[in-house]
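One chain, chain A, links the two complexes that follow: it is found with chain B in the first and with chain C in the second.
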Partner chain A sequence: MAGSKKGFIKFVVKRVVTVYIIVMVAVYLTIIIANMGGYVDEIMKGQLMLQIRMQLKGNPEYSTLPPAELEKIAQGIYEEELKRRGLDQPFFIRSFVYMKDALTLDLGRALYMTSEGGSRLVKLIILERLPYTVMLFTTAMLINFTLHLVIGLYLSRRHGSKIDKLFIALAPTSIIPGWFYGIFLILIFAAYLRVLPYGGILDVPPPTDPIARTLNILEHMVLPLSSWIIAAFFLGCYGRRTFFLIFSTEDYVEAAKAKGVPSRRLTTQYILRPTLPPIITGFALSLIGSWSGAIITETVFNWPGLGLIAYQAIGAFDTPVILGFTVIYAYLLAATVVILDILYGLVDPRIKVMYGR
Partner chain B sequence: MEQSLLDVRNLHLYYATRKGVVKAVDDISLSLKRGETVAVVGESGCGKTSTARAIIRLLPRNVHLYRGSIILDGKNIMELDDERFRKDVRWKKISMVFQGAMNSLNPILKAGYQVAEPLMIHENMSKVEALKRAGEALRMVGIHESFIDRYPFELSGGMKQRVVIAMALITRPQIIILDEPTSALDVITQANIMNLLKKLKNELELSYIFITHDIALSSELADKVAVMYAGEIVEMADAETFYVKPSHPYAEKLMASVPTLRTDKQLDFIPGAPPSLIYPPPGCRFHPRCPYAFDKCMKERPTAVDLGSGHYVKCWLYA
Partner chain C sequence: MGAEGMELGFKGVLKELLAYKSGALGVVILVFLVALSIYTVVAIPYDKAIKLWRGEEEVWIENPRNAQPIWVKYWEYLRGRNLPETIKRDTSDSKQYGVYKSLRAIPGTNLKRLYIEFSFKYEYDDFPSEINIFFSSKFNESAPILRIAWEKPGGNKIELLDFIPRDKYDRLYLSIEHDVLKVLRSYVEEKLYALGKNPEVPLSVEKALFAVEDESMSSSLTVKPLKGTYKLIIEGLLFGKDSDVDARLIIYGKVYGMCGTDHLRRDLTIAMLWGLPIALSFGLIASLTITFLQLIIATISGYYGGWIDALIQRLTELYMILPFLPFLIMIAAFYKLDIWVILAAIIILNIFGGGIKSTRALVMQIKEYPYIEAARAYGASSKRIVLLYIIPKILPPVIPGLIGAVPGYVFLEAALSLLGLGDPFLPTWGKVINDSYRWGALYKGYYYWVLQPSFMLILTAFAFAFIGFALDKIVNPKLREI
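For the complex of A and B:
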């Protein structure tokens, strides 16, 4: 057993190193792309020069100087400012500085965007929105995951029945995205029935009592949550049902049935257990996915999540913010992949044995 | 006359499909005495596996008709409800070795646990004790006890087959259904497994229902032979009688198609394929492929003709 333990550690270290290299490559590519291969530098330089000239022009102290003199002063300030911001270095070298900062989570300051408190710190901008996104989309994802699993399992055991056929027939309803259902839900429950809010996260002005505040947030979550649950419901259940159906026709399931294994145990030990690795993978990946928010749903429901911020940052070429997202996301994904690799070994002996090699 | 252990009478199993009703098992009867082996032979798709599944009640969803009586130890087990059947019959009285043992083991449970599981389910035995018994069972089938801690993917094909047999033996059932137990194995391993099955049969006085498409292999184990064709048993005979001279034209053809070593025999084959079980041919179901077919065969369905000493043939040649 000692040998396999050593093998396991070696396996984990190897995985961590490989995954980290992949993260580095991904972050570097993002730096190149978000900076448009260095072109964003040119935009910034142009803006800087413009700014300096405007300032000089607006300054009465310099209004008597001849234009050539003024230009010289402007050039001087410009050079100095370039040096101060590090822009005098070629982009190729700076790209690696960016990468080092990104990888050490030194996310720096945004170019244009600010947090709600007015801060330019990328870390603050992202951290401020993250809880809202997690609150809504991770909840939606957890509910969906559980619903699909339980109902899918139920349907797979009754495949061919009326209820099963109903789910199959309704599966195409999931082609319509969640936000589209959201619009209808708003129309019905907010505009027509007036029982739920249109959007946002809190009433204006927000209630001060903590319990009332929580209830108020929950109330605001009902419609966006429902829209995502409705949109994914039938296809999700249908998908899981088919997945379980494939695995419940395995010979070993039949054999276990013949052995007299009771139905409950058959489901857990012979259908669910062998299929855990792909289920866990699906779970982990949709969990990460849920952290990135959803641009359109956030827009429809005016939900202050991460998706909206990411969208705005991309539109405004705010590279530090884009990079901040990417690097946090890449780290989360990498950590999940490594954790998954370890988890697989725990649930599936076929994979555990591989560690030893 | 010795009382039979298992008596299957007028068993029917039809499946409903989009194209029509598949008569997979169409009115078959067979009986089995303690310690006796009946071999069920026939081509693929003639209802052998369906017969086995009908006996142990492992039915698909689309069952159209499931009727007849299966009398085990004087009790009609067809009358039991599903839960009783699971508790009283499955593995306690009848166990089964499935076609393709490679896939009959759950990949993520240890071999020993899977062998021991029926004891925990049916006899409420503790895990420790059940595993001990599993070790003994493994030794009986020629596998070292330490293998209880192995996972199925750590075993070879032949070993898996032995594990599956140990699993079938663990509750000491009276009857074991062997559904093509060796068809996925190479000939040497096949011979090993056949010898093991023979040894176990003698030692434990087991009764086998041995399902195979390989008529030569069936002679290794059979005391009695039932030849199936298109959902029916067309001939039923003692092994001594049958292998010397099969009576039904289909059985005769099957025998003639068995290859022999180093003799310059022209291998015979049966033209055509087994008929559709949805619209079986009228009259004798074998008549379109039968060299001896005459008028009557095309019109009337033959009934079983008794040739004496338990030898029955469904053929107009003998009527």
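For the complex of A and C:
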């Protein structure tokens, strides 16, 4: 047993190191792509030079100087500014500095974007939007998860019934993504019936009373939330149902049934229990996934979450924000993967045997 | 597990597929869509489609802006409303009904007198969307002076304005001409005062020109179109011997063609039709390539094991951590790609994606089968075993997934277009939705603009989804039992 413990620790360390290396590679790839291999620097340098020239031109102190002299001064300031920002070094070297900063979560300042409070700190910009995303997409994910689980279990126990057949027939509706249902919901409830808002999170001007404010936010959540619930509903329930059915046709379940195990115990002990690991994995991954927001749904509904920020950052070439977004997401996912690995290593006897030698 | 699927062959699978109601429906829709795309590619060749779609306003100038599709007209007709179609009158087309032109020299001078009269019947229950007159004139030193007047069915005549073409080709946008609007405002006011009413909401040029002249004229909301024969009269004075003027009057309607028009007057039929072959090829190529590459990678990983397996496993983990959509959007936004490069980017961002793990597990199972061992025993090379013995065995279970994944890529392209990152030249459904969204189709009630491309997307998606689901039951008989 002592040997198995040592082996397990070795497995955990190995896993953590591999996953961390993977995170490093992912972050480096993001740096290369988000900087267009150094091209964003060229844009920044050009803007810097322009800015300096404009400043000098507007400064009456320098207005009497001949153009050549002025250009020389501009060059001097430019060189100094490059050094100050660290732009004088080649991109290859700087890319590793960026990577170190990103991995230590020193996210730095945004190039153009600001938080609602006016701050340039990437951390603030991201943290400010996170609650909006969690509010919408984590709620959607939790509702979906529960609905699919409960209805899936219900269907699996009544498989072959009319309602079961209805769910099977309607499963293809989930081929249409949530944002697409969103457009239809806007068309029906906002444009045609005029009972719900087109998008956004609050009315303009927003209500000041906290209760009215909460209600207003809830009102704005109805359509995006519904679009995600509708899009996933039938396939989600069908998937869970089939998943449970496969487990409930296993020999040991049949044996238990033959032995006369009561139906409730059969469900909880013989069907739900062995299906728990994949359900937990799915839950954890979609939970993390829900925190990254959904670029397209947020764009369609103009929902000010992380997805919209990511999209705006991409549109503005704001590499620090893009990088910050990717790094946080990568860390969260990597941590989830490692924790799940360890949990299963502890719980699942098969994995224990594999690494316990 | 896939053996039965293999032995059925293509014909057998098709027969089984048609036995499922949804499968048969999917096949019927798909056959229709493929036929329609072949027709599209033949009838409107690629270059012509792009030229038309990217064409300057010149190509489309005779179309109304944001006109509803013709099916809306039929629908409204049933409800007792006849929506206006575009009316054209052209003096260079002498055979046309409702066109009269005379050009006479004034004796003893270098001058000519021009008289053009366009007449047309207007029997619609709504106002036209716009009125333009296009002139093509021949003159040497001085431009002709044209006096334009409007005559309503009752015989009421309104002098609209004097117009001097500045160029050989000139146009008069009556609807936005300030002088015309002023003339019409005072005309309407005069009529209303005579009735003892005051103007409330001022009328636009089209409404004033076509209004029933009673109290309803006081507001743009209550005004009704007057039915009957209208006349537009152009009287002109021309200078020079071979001077001449031809005019073309266009009263833009509110319906146009099968699918209506967009904000640039473009015929949406082109986008609806051309979106189809693009969507089909995009979705199929993406799904096929990604599935097969994943299949091969998974097989290599599972069969060879060792460091190759470890490397591939780590790569799949890397792909899991990379945020797919932000990455794709970043690449599309930074590098301004056309649709086929975006397709390549999607493929690259997916080759180490989710499908690998399950296929690899399957390969590891099959690897231990006796027939593989037998092959190895008689000295078959690894390449031969992988390509001829393993891949054909694991192919059937992935086919339903392949078909079912097609709509995902079609919607992905639409999503990119919706974000404004699609192909800059090609007319795709996503781009039409993007245009409609950007130009406020939902606010303004141009529902057809959103609904038509959406309908096409859904039709395409369902065709593949139905087939995919039915195939799944055929190749995985276990699903059929439960």
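The working rule: the second predicted complex is superposed on the first by the 327 of 357 C-alpha atoms of A that agree within 3 Å, B and C clash if a C-alpha of one lies under 4 Å from a C-alpha of the other, contacts with A are read in each partner's own complex, and residues count from 1 in each chain.
In this text, contacts are C-beta pairs under 8 Å (C-beta built on N, C-alpha and C of every residue); 3 or more make two chains touch, one makes a residue touch a chain.
Because the structure is predicted, anything quoted here is derived from the model rather than measured.
**Student:** Check whether A:F96 is in contact with chain B, with chain C, with both or with neither, and answer first, second, both or neither.
**Tutor:** Neither: A:F96 stays clear of chain B and chain C.
**Student:** If you stack the two complexes on chain A, which partner ends up touching A:H159: first (chain B), second (chain C), both, or neither?
**Tutor:** both
**Student:** With the two complexes superposed on chain A, say which partner A:A190 touches: chain B (first), chain C (second), both, or neither.
**Tutor:** Only chain C is touched by A:A190; chain B is not.
**Student:** According to the stated criteria, A:Y112 is in contact with first (chain B), second (chain C), both, or neither; which is it?
**Tutor:** So A:Y112 meets neither chain B nor chain C here.
**Student:** Looking at A:D251, would you say it contacts chain B, chain C, both, or neither? Reply first, second, both or neither.
**Tutor:** A:D251 contacts chain B only, not chain C.
**Student:** Do chain B and chain C touch any of the same residues on chain A, and if so, which?
**Tutor:** 159
**Student:** Quick one: which bits of chain B touch chain A in the complex? Just the residue numbers, please.
**Tutor:** Answer in residue numbers: 56, 58, 61-62, 86-87, 90-92, 95-96, 98-100, 103-110, 117-118, 121-122, 151, 153-154, 164, 167.
**Student:** Enumerate the contact residues on chain C facing chain A in the complex.
**Tutor:** 22, 314, 317-318, 320-323, 325-327, 329-331, 333-335, 404, 407-408, 411, 414-415, 418-419, 433, 437, 442-443, 445, 447, 450-451, 454, 457-458, 461-462, 464-466, 468-469, 478-479, 482
**Student:** So in the complex, the part of chain A that touches chain B is made up of which residues?
**Tutor:** 159-160, 250-252, 254-262, 265, 269-270, 273-274, 347-350, 353
**Student:** Over in the complex, which chain A residues touch chain C? Could you list them?
**Tutor:** Result: residues 18-19, 21-23, 25-26, 29-30, 33-34, 36, 159, 169, 171-172, 175-177, 179-180, 183-184, 186-187, 190-192, 198, 242, 245-246, 249, 292, 295-296, 299-300, 310-311, 314-315, 317, 322, 325-326, 329-330, 333-334, 337 of chain A touch chain C.
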